[in-house]
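Each structure below appears as structure tokens.
Two complexes are shown next, each including chain A; its partner changes from chain B in the first to chain C in the second.
So, the complex of A and B:
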């Protein structure tokens, strides 16, 4: 661990932020076109974030501030561990459990800060967000567990590398189709896209956890959201869609995956939170277990494809 | 210094504590701190003589690494919890007895972990059960101590049966040699295995023996709940350890039906562990009482420990053993913080509390770190142990156990956040406006436990080296440790590096935050309320039915509780019948007995 690792980490962080924020801006335009609007300019998201950071804000006590800092800190640390097209700022630290549990630090910080505001809408939002997490994460973790068993490694970059060189047929989403479906559906839950967006439902619970934020706190939340999106999409991309052999391929695949999720979510209604739990435990959980049994007992999709 | 000296010294100190408590109960309570500290020191002194055997009349002991490890976990919990004793001792009905039992139960556990023969094991075990039963009775309800005693008694009697069975076959009471006589008799071995492990299952709160935990933990005196959950529950893990080492379940059942390489009897117990994880998690999410919530979380974590230890391999076993200490620390801390909140406010009901952070920031921070560990989030101790267990399960491909483990670990985010939000965050009710932070004496254990949790999380290899020794002692492959890194076949973890990078991220966020404009402080009531005017803080605090949608999904009570209710009603009926036969003033009963006596008197010879 040298100073260069930290410099690389900072570069990954900056690149991830810029790339994802630009992509969000583009997707705001895509959304607008689906809804037959013109839409904002592609860099509008940057303007929003920097404007929020410049404005004055209110605070409800030290935990309101501390939670925001802890959330962003945890999420930034997670981004640093994400391998991008085989490049890792800190080598050998891309364990999938480390990434998915370190992500939880950020979520806990955000939940803590939101509940610390004293607004019941925020608490309701947090309660829904945590329930949502229990819904999507269990099937997803079972599929990831299957991958670890199949490839005998929990390193995200190694799992990504093993899928490369065979084209589309090498992707885990194709080799293990049921697992791929689970991961793709779980991505909607992770990103809080419709139909699983009841925890931030703006018209219903006044944006839930975000209700009390303004000024720099809101700017932090925007940055947090962009980085979290980057982590989640990257994780699914590397584990199930082959990652990328070069930065360019990675970026293109990433953009396609994210835009696809966004387009699909635009034509979806919203699940109530208990409907979301029921759905995830009826369909994706069963798929995940069947996929796990197939891989563990039959060995299909592990080493031999053709 | 020998183990015998240690035990005798401790018994003397316990007696001294009792006598002091008779004079001044508060002084005696302070003496419990001294005695438990002395235990830690003495355990360190005897560490060098590991491997030696001792005997005292018919008690025989053997100093083992695993016993030493378990004792250290136990005594750490006792020592830190003892700091609370002076503040609660006035509330106990029998203060002197409380102090005595507190220490005797500690001595009992140490004796049990070093026991070399069944009699010593059983006597020490029963000492702990009896003393803790009497302590639980000094809490909120008597019923809970009955339930605790009945479940414990069923467990220990069945285990005693197993011990006698083994004695009959082998002719010896020494634990390590007695079990070897079972090798040629598979049916007998099966009976012994299930009966022997039952005491462990009932103690660690494995489904369906978990019913006592929420009752006993919830209503025990606040100073004893941390010990129950952090310490005494772990005695069950020791029995599980004995069943795979001394009993050698993997060798005894090697020829039976195996599931993914695990003998079926062991797999059944592990499935029970998995069910406990799910049941504990779901029930914990539904609780309103913070202590009951933490008790159910102990049920869930007991499942992890049991699965880890029973897997008995390089990775998951180390994880189970590490989870023992990380959960003991986290759970004791969480119970202590809730105890302090209850000391200041008089309640543990989450729907009646709120906003404690504004009055008790230290308690809040300590609770936060405890739950980060309990939920298995880096950089705390609970993460490393759960990581090892999950990696171990993934290595073996145990899908269903892993599914339960994932559900428990993600569900734990839900239940640990509930007290954080409902007790500490949110609106502060006006009636709690005047309450104070915990005093220095109560803060000491919180600091100690928090530092320990963090150290286990950042430098897990210090503990894992001891666990590697245990693995060596048990004859399985040791966990591979390179410097600060844990290396397992399917992954590596450098906990220190995770901590440093987290600190780096936190620093960047902090710098950005400080560089921006300072924000304006507003009151808690100054929030967005959709243009409604609400002036009552209690109404603006979201704490009851926190997970209403999830509770709706899981509202059906599971069948075991109904079964227990029915059995207890039947037993009560039989008891009432027996009682009415002997202690009734009704003439009919008297005549009934006269007829019986006459019948025996006249017809006795004929029959």
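So, the complex of A and C:
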């Protein structure tokens, strides 16, 4: 581990932020076109973030402040372990478990900070967010364990590399279709897109965990949200949709996957949190278990292809 | 309000005002009838998101407080609370004649007549009620004012806090909101 690793990590972090924020802006325009509007400028998300950082801010106690820093730090630490098109800032450390545990630091920081604000809406939002996490994580983790069992490695970049060279047919989402469906549905839950956005629900619980954030704190939360989106989409893209052989291919596939999720989410209503949990435990969990049994006992989709 | 024409902002404030002007998050205080004009302004026909504007859920997140119509003395307390929760720089846009001189409620015992005696209004939209065209026009004006550094109501409120507070107390007797369910 040398200084260059940290420089690469910083570059990944910066590129991830710029790319994802621009993509979010483009997707706000896509959303607007779905609703027959003209939509904002594509760089609107940058303006929003820098505007929020420019404003004043107040504190609700040190837990509130520390939670924001802890969440942003945890998420930034996770981003530098994400392999992008085979490029790793810290080689051989892109383990699925490293990423999921570091991601939890960010999630818990956010929960702590929101609960520290003392607002009841924030507590409701946090409890819903963590319930949502429990709901989507169980089926997703079963599918990811199936992948790890099938390929004998937990390295994200190695699993991505194994899918390349065969075109679309090599993707895990095609080799293991049920697992692919589970991962795609879980991505909605991870990103907090409709129908699984009950924890931010602006009209019901006044944007949930974000309710007491204003100014600079809110700006940090927006940056955090962009980076978290990058982690989640990258993880699903590398594990199930073949990653990318070059940066360009990776970026295009990433943009298509994220835009597809956004388009589908825009025509969805919102589940209540108990409905979301029931849904995840009824459909994707069954799919995930069937997929696991198929891979373990029949071995379909692991090496038997063509 | 006082329009300060001399521009004595430094470079950082100018850059900050550029961002503030192009990204305006709003909190609607929808007690008056003006609230009904906002959904068409926001949705596909007029589409305020073109200008970078959008609704926000809480006063803490918002830059602009929209007062959409008359205010009774009971709601004025809530407006003052909401305004003081917002983070600087913050702006107020007041809708319709009710906020200017009381409108059709000018002789009511329960409503206030002139809003800018209590909180600093940056921009009034005349009309009863203003149409979405008028609202869009006003938002374009607000953006120009912020870019030029003329929307200084929040600074004016800080500098003349005693005057505003005295007016609030004269009309309301107390600005504290009692917890009606637990006291």
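Some points to look at:
By definition in this document, the second predicted complex is superposed on the first by the 306 of 306 C-alpha atoms of A that agree within 3 Å, B and C clash if a C-alpha of one lies under 4 Å from a C-alpha of the other, contacts with A are read in each partner's own complex, and residues count from 1 in each chain.
By definition in this document, contacts are C-beta pairs under 8 Å (C-beta built on N, C-alpha and C of every residue); 3 or more make two chains touch, one makes a residue touch a chain.
Note that the structure is predicted; figures quoted are calculated from it, not measured.
Contact with chain C, but none with chain B, is seen for A:39 once the two complexes are overlaid on the shared chain. Contacts of A:47 after superposition on the shared chain: chain C is touched, whereas chain B is not. In the superposition on chain A, A:206 contacts both chain B and chain C.
By the document's definition of touching, of the two partners only chain B reaches A:75; chain C does not.
Touched residues of chain A, counted separately for chain B and chain C, are more numerous for B.
After overlaying the two complexes on the shared chain, residue contacts for A:115 are found with chain B alone; chain C is out of touch.
In the superposed model, A:124 lies in contact with chain B only, and not with chain C. With both structures placed on the common chain, the touch criterion links A:97 to chain B but leaves chain C unconnected.
By the touch criterion stated above, A:218 is placed in contact with chain C alone, chain B being left untouched.
In the superposition on chain A, chain A positions 54-58, 206, 211-212, 215 are in contact with chain B in one complex as well as with chain C in the other.
Of all residues in chain B, only 260, 355, 357-358, 361, 364, 368, 372, 375-378, 383, 386-387, 390-391, 393-395, 397, 399, 402-403, 406-407, 410-411, 413-414, 417, 420-421, 425-427, 489-494, 497-498, 500-510, 512-513, 516-517, 519-530, 540-543, 546-550, 552-553 touch chain A in the complex they form.
Interface residues of chain C facing chain A in the complex, by the touch rule stated above, are 16, 19-20, 22-23, 25, 43-44, 47, 49-50, 52, 55-61, 63, 86-89.
Chain contact summary for the complex, chain A toward chain B: residues 1, 6, 9-10, 13, 53-63, 65, 68-70, 72-78, 80-81, 90, 92-93, 95, 97-98, 101-102, 104-105, 107-108, 111-112, 115-121, 123-124, 126-128, 130-131, 133-134, 137-138, 141-142, 145-146, 148-149, 152-155, 206, 211-212, 215-217, 219-220, 272-274, 277-278, 289, 292-293, 296. The touching residues of chain A, when paired with chain C in their complex, are 28, 32, 35-41, 44, 47-48, 50-51, 54-58, 202-203, 206-207, 210-215, 218.
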